[in-house]
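Here come two complexes built around chain A, the first alongside chain B, the second alongside chain C.
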Partner chain A sequence: MFYRLSGIKHTRYVSARALWPIPADRRILYVLGALALLAPVLLSDLYLTSYMLPWLIWTAAALSLTLLMGMAGQLHFGFAAVLAIGAYTSIHLTRAGVPFELALLGAGLSSAVIGSAFGAAALRVKGLYLVMATLSMQYLVEWVIVNVPAISGGAQATLNTPDVRFLFVPLQSDASLYYMALLWTVVVTLLLLNIRRSSFGRALVAVRDKDFAAAVIGVNPVRFKLLAFFVSSFLGGVTGAILAFCYYQAVTPEQFGFNVSIQLVAMVLVGGLGSVIGAYLGAGFVLLLPILLTNLLAGAAQIDWLPISFNLIAHIPLMVYGALIIGVILFEPLGLAKIYDNLRKYFLVWPFRHTQS
Partner chain B sequence: MDFQFLLELTVNGALTGWMYSLVALGIVLIYKSSGVPNLAQGAMVMIAAYLVWVFSSMLALPIVLALLLALVAMFFLGLLTERLLLRRMVGQPIIMVVMLTLGLESLLRGIGPGFLGAAPKSLDLGLNMMPIIVGEVFINREYLVGAAIGGVMVVLSLLFFRTRVGTKLRAVSDDHVSSWAVGISVERAVGISWGLAGIAAVAAGAMWGSVQGVDWTLTTLLFPAIAVVILGGLDSIYGVLVAGLIVGVLGSVIPGYVDPLVGGGTRDVVTSLIILLTIMFRPHGIFGREDIERV
Partner chain C sequence: MTQQQAAAGPDTVLECDGVCRWFGGLQALKGISLSVRQGEILGLVGPNGSGKTTLVNAITGFYPPQEGSIRFLGEPIQGLKPHRIARQGIARTFQNVALFKGLSVLDNILLGRHIFMRPSSLASLFYWWWAQREEVKHRLRVEEIIDLLQLEGVRDEPVEVIPLGLQKRVELARALCAEPRFLVLDEPMAGMNQEEKEYMVRFILDARDAMGVTMLLIEHHMDVVTAICNRAVVLNNGEKIAEGPTREAINDPAVVTAYIGKMQDAA
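Showing the complex of A and B:
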């Protein structure tokens, strides 16, 4: 009755290779899906727009990055620049009268093309040098955006996103913005889950584990490194556009700075490299934990429980964030996804300790 | 073209470049011995500057004593960092190590300004502020002292590598396993290199803190320092001096002429381009040892 693997015997490859072969997982998924759909009803507007919405969009961004860093093993410390390219392209396209659906596509494509230029460095170097190369490209893209008035709208300018409609639904209300973000995150999630079990995904993993070995077994490393950059930057570009239209609604270059790139890598690492559920957990942790802790401490300081200064409270998110990264890397290098996996496996066979296989 | 202007940019750029070398030296020392790219060096410089400020202004100690205390404190902070954080990372993929040092960077960047106040603090080293005028070129005296200290530090570390401990460090930087085999404590050698990086951070923190004030912006020195390190070669100490000169001069002359045309911020672009071009054409830098990857 409790034993959740009871009676599960896969007799065909199709059922064994399903995304969620165990019914218990599917049931959890149905509940989570229903909760996500009902979130605008269940949550107040404040929680919906300032916690749920950014969490979903940053999850999509972390998923795009984990395709590159986790699956293809190419380090990328300039992903915020990719998001920025998508955001600015989509805004300029919609302002020129292009429908939002096409603008999203254009954002993805322009990011993918420029993002593949980042990949050119990956063909030459790897590891630490790739980190430095992508990092310097982040600065270059940022500088171009700030200093070309045609892109940023002049120095210190803020670009407002125009009102748009997606598939005849105007993106005005909080709920419609939330559903747009949810839709994109679900699409990226399903895409990643399926890439993992396709020949493309296996080729990426081969390149990640050892590119020379991949070349020996007939996987062209140059092609798949570039493809990984292309696909991941495409997803990142669309995510950037969604971020601009659904969350920020007024875009400045500072929103896509170097720190954001680091934050994205932190999300991927804290969640667990290459893990899909890890991207959700990592984005949630990196984004929300510092906010929650600051609110908690600020609340405690206000009612005089903790005699700490306002200046200290302002710097606590930075400390928590740094400590979080250090802690996860030292104590659970496989990330939150591994913790979740351990828990899941424990409860999967509960009340027993382990299964036969 | 105004020759005077060019000369002034070049001289001051070269001096700034050698001050970058002070920051870069710490990164090279650590990378050379353990292969760890210390992206927290900028934050260590900031913490060192805060420490000097605390000792000299808050506790009102004489500046020499304050500097000495900061040296001791930073040496042990470096040792501690290695013992508590980096020693557990042996054998982990490079991305983990990079992120660990970046996490440390955030942590330090929160701790310093968080506990000591975010407003910029002035650090008085008792230097004469008057610029030196040679011919018609204005030379900033603080930069001159900073550059001199940068040069001295590099020469000192080169000399240090000829001592008994330094020989051990060189052995460790060649090969960890064979160093173990001949009885050198690799852990202690790596720890010492972190301590030395802490000392270099004090020199950098004191000079830069005196030039631009002590606050979190000192951590942004990391970026030019990375350019210096990459250009000079990650494991080459005298490469730091040469590359510092190049990065400093280019980062001063090019913005001097281009900034008025495009509206500023060219220095970061020059730094980025130096990093990017070095990596594309000669990844191991000018003097660095070329990595040979075994398949």
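Showing the complex of A and C:
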């Protein structure tokens, strides 16, 4: 009814494998795309720079991680370290006079190389043991950054990002920073969608599901596990650079601590493992919900609806937030993406009720 | 050993010679020698635990033999990694269906084309200019196999929701998509009813005729083995106890003894 399927007939394999074969999906996308493009006009500076911008960048980070954890099935609990490597590499490269475009590439490459070196552990271990191996990456990278003055700029130091231009556009105004982040997030999104419908993504899923069956059809499990780490860390590195230049504009090691890694894993899990739309929803949930809850409660307290202590007002959002995460996982273990999918399927067959799968 | 090689004619596709495999103190394969000829369906039968699947795992590289040699089209392949052996032209299906959950039937079958494709993340990034043409080219081949095995109706279903009989057929389709010279079918009819079995037999024969693929069939349904296998090899306790034209091989007294114990005079 709302998503009409009648009359959609594919006569070519290309159109049958299109990213959004259903017109209704495309229409939603056009609206969202237009809103994203117009955001600097529609939103106030505060909302643009402290809500939309970080949401987009963390979505890109969650997408990078979901490629590894969801599609390739390799757990990674030290992804903040990957972002950190990218952020610090890009800053040092631009400071040395390298153009920003190349610095982004360098950030991605350095993250990819170091990330896949630690990912090599995945060739030997799985599951919880891989979690330990990636955790060690988190702490090692953090330790190295803090203790090598050449990288961190000295103990307790903050590195400011230099002014840069991207394709001749100076990245200074809020709008230009926002568009830079939007561009990167769109690129990562399209990459993930395309990986999923091409041979690379199928090979990743094959190794994730049954590596022996993957081997028997000619997929080299070692190669694709390493490639998963390489590509995911590359994306993470560039995202880290974008995060540093477009959002933080000054980096310290604490911005890439262990809790950030856990937040990223939470984004991926709450959103839905391996799901692209889940990364958007998960990042929004983890990032924006606490702010929303705090604002709601503060607002309620201000107009005397909640006669409770300030202490409690500060803590209630955290409790509700935790309860909501557990609630989502219990209600739908496949995350927000699955909830969206269920809704979509409901409208797909409305007014009938039954869908397969 | 050299005698065996001499005995194997030029039309030999696969040749095992004295293949041994131990698991700790257990010798699962005790010097198995057999050869598979071009275009035939060779039945591999034997009681449970007789080493059929171990032999297949030795051929496909999962448990490389500790002794003996395996030659495929004259080239030694023992000790190669499974994915390398796959690229040489050996495909197989598994006893308990090994499809990739979370992918559609079509994607599962497309994975069978993996060895002919050049997967890369850059090609995926520039999908419209780079990967798309390759995808379509291989889709055409996949659709031929889908036609051959009559899987059109379930093409877009997630693979875990279709019935077992169809899943086995999808697995066969995936194996055939690799255009193998030699195909190992490990109990393709396990857990099927009579009708599904008959379909499967038909599809196996169709696949052989259409693609000229040589097959090794492990199966417990003797009606199937006698119906479609040109020859049979019988294993028991890791040893070859009979070999020859199917009916003769499975009527061999040693085989009957292995399956149902010593024959009584009255019986």
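Some observations on this one:
Keep this in mind: the second predicted complex is superposed on the first by the 331 of 357 C-alpha atoms of A that agree within 3 Å, B and C clash if a C-alpha of one lies under 4 Å from a C-alpha of the other, contacts with A are read in each partner's own complex, and residues count from 1 in each chain.
Heads up, the rule we're going with is that a residue touches a chain if its C-beta (ideal position, glycine included) is under 8 Å from a C-beta of that chain, and two chains touch if they have at least 3 such contacts.
For clarity, every value in this text was computed on a predicted model and none was experimentally measured.
Once the two complexes are overlaid on the shared chain, A:Leu46 sits clear of chain B and of chain C alike.
Look at A:Leu167: by the touch rule set out above, it reaches neither chain B nor chain C.
Of the two partner chains placed by the overlay, only chain C lies in contact with A:Asn220; chain B stays clear of it.
Of the two partner chains placed around the shared chain by superposition, neither chain B nor chain C is touched by A:Ala150. If you count the residues of chain A touched by chain B and by chain C, you find the higher number for B.
Of the two partner chains placed by the overlay, only chain C lies in contact with A:Asp209; chain B stays clear of it.
Overlap of the chain B and chain C interfaces on chain A: residues 210, 212-213. Per the touch definition, chain C reaches chain A in the complex via residues 60-62, 81-83, 86-87, 91-92, 94, 98-103, 107, 110-115, 117-121, 123-125, 127, 131-132, 134-136, 139-140, 157-158, 161, 174-175, 178.
Taken together, the chain A residues at the contact with chain C in this complex read 13-14, 17, 187, 190-191, 194-195, 197-203, 205-206, 209-210, 212-221, 227, 231, 274, 356-357.
Considering their complex, residues 37, 85, 88-89, 92, 94-96, 98-100, 102-111, 113-115, 117-118, 223, 226, 230, 234, 262-265, 268-269, 271-273, 275-276, 279-280, 283, 295 of chain B touch chain A. Put simply, chain A touches chain B in their complex at residues 69, 75, 121, 124-125, 127-129, 131-133, 135-137, 139-140, 143, 146-147, 155, 210, 212-213, 262, 265-266, 269, 273, 311-312, 314-326, 329-330, 333.
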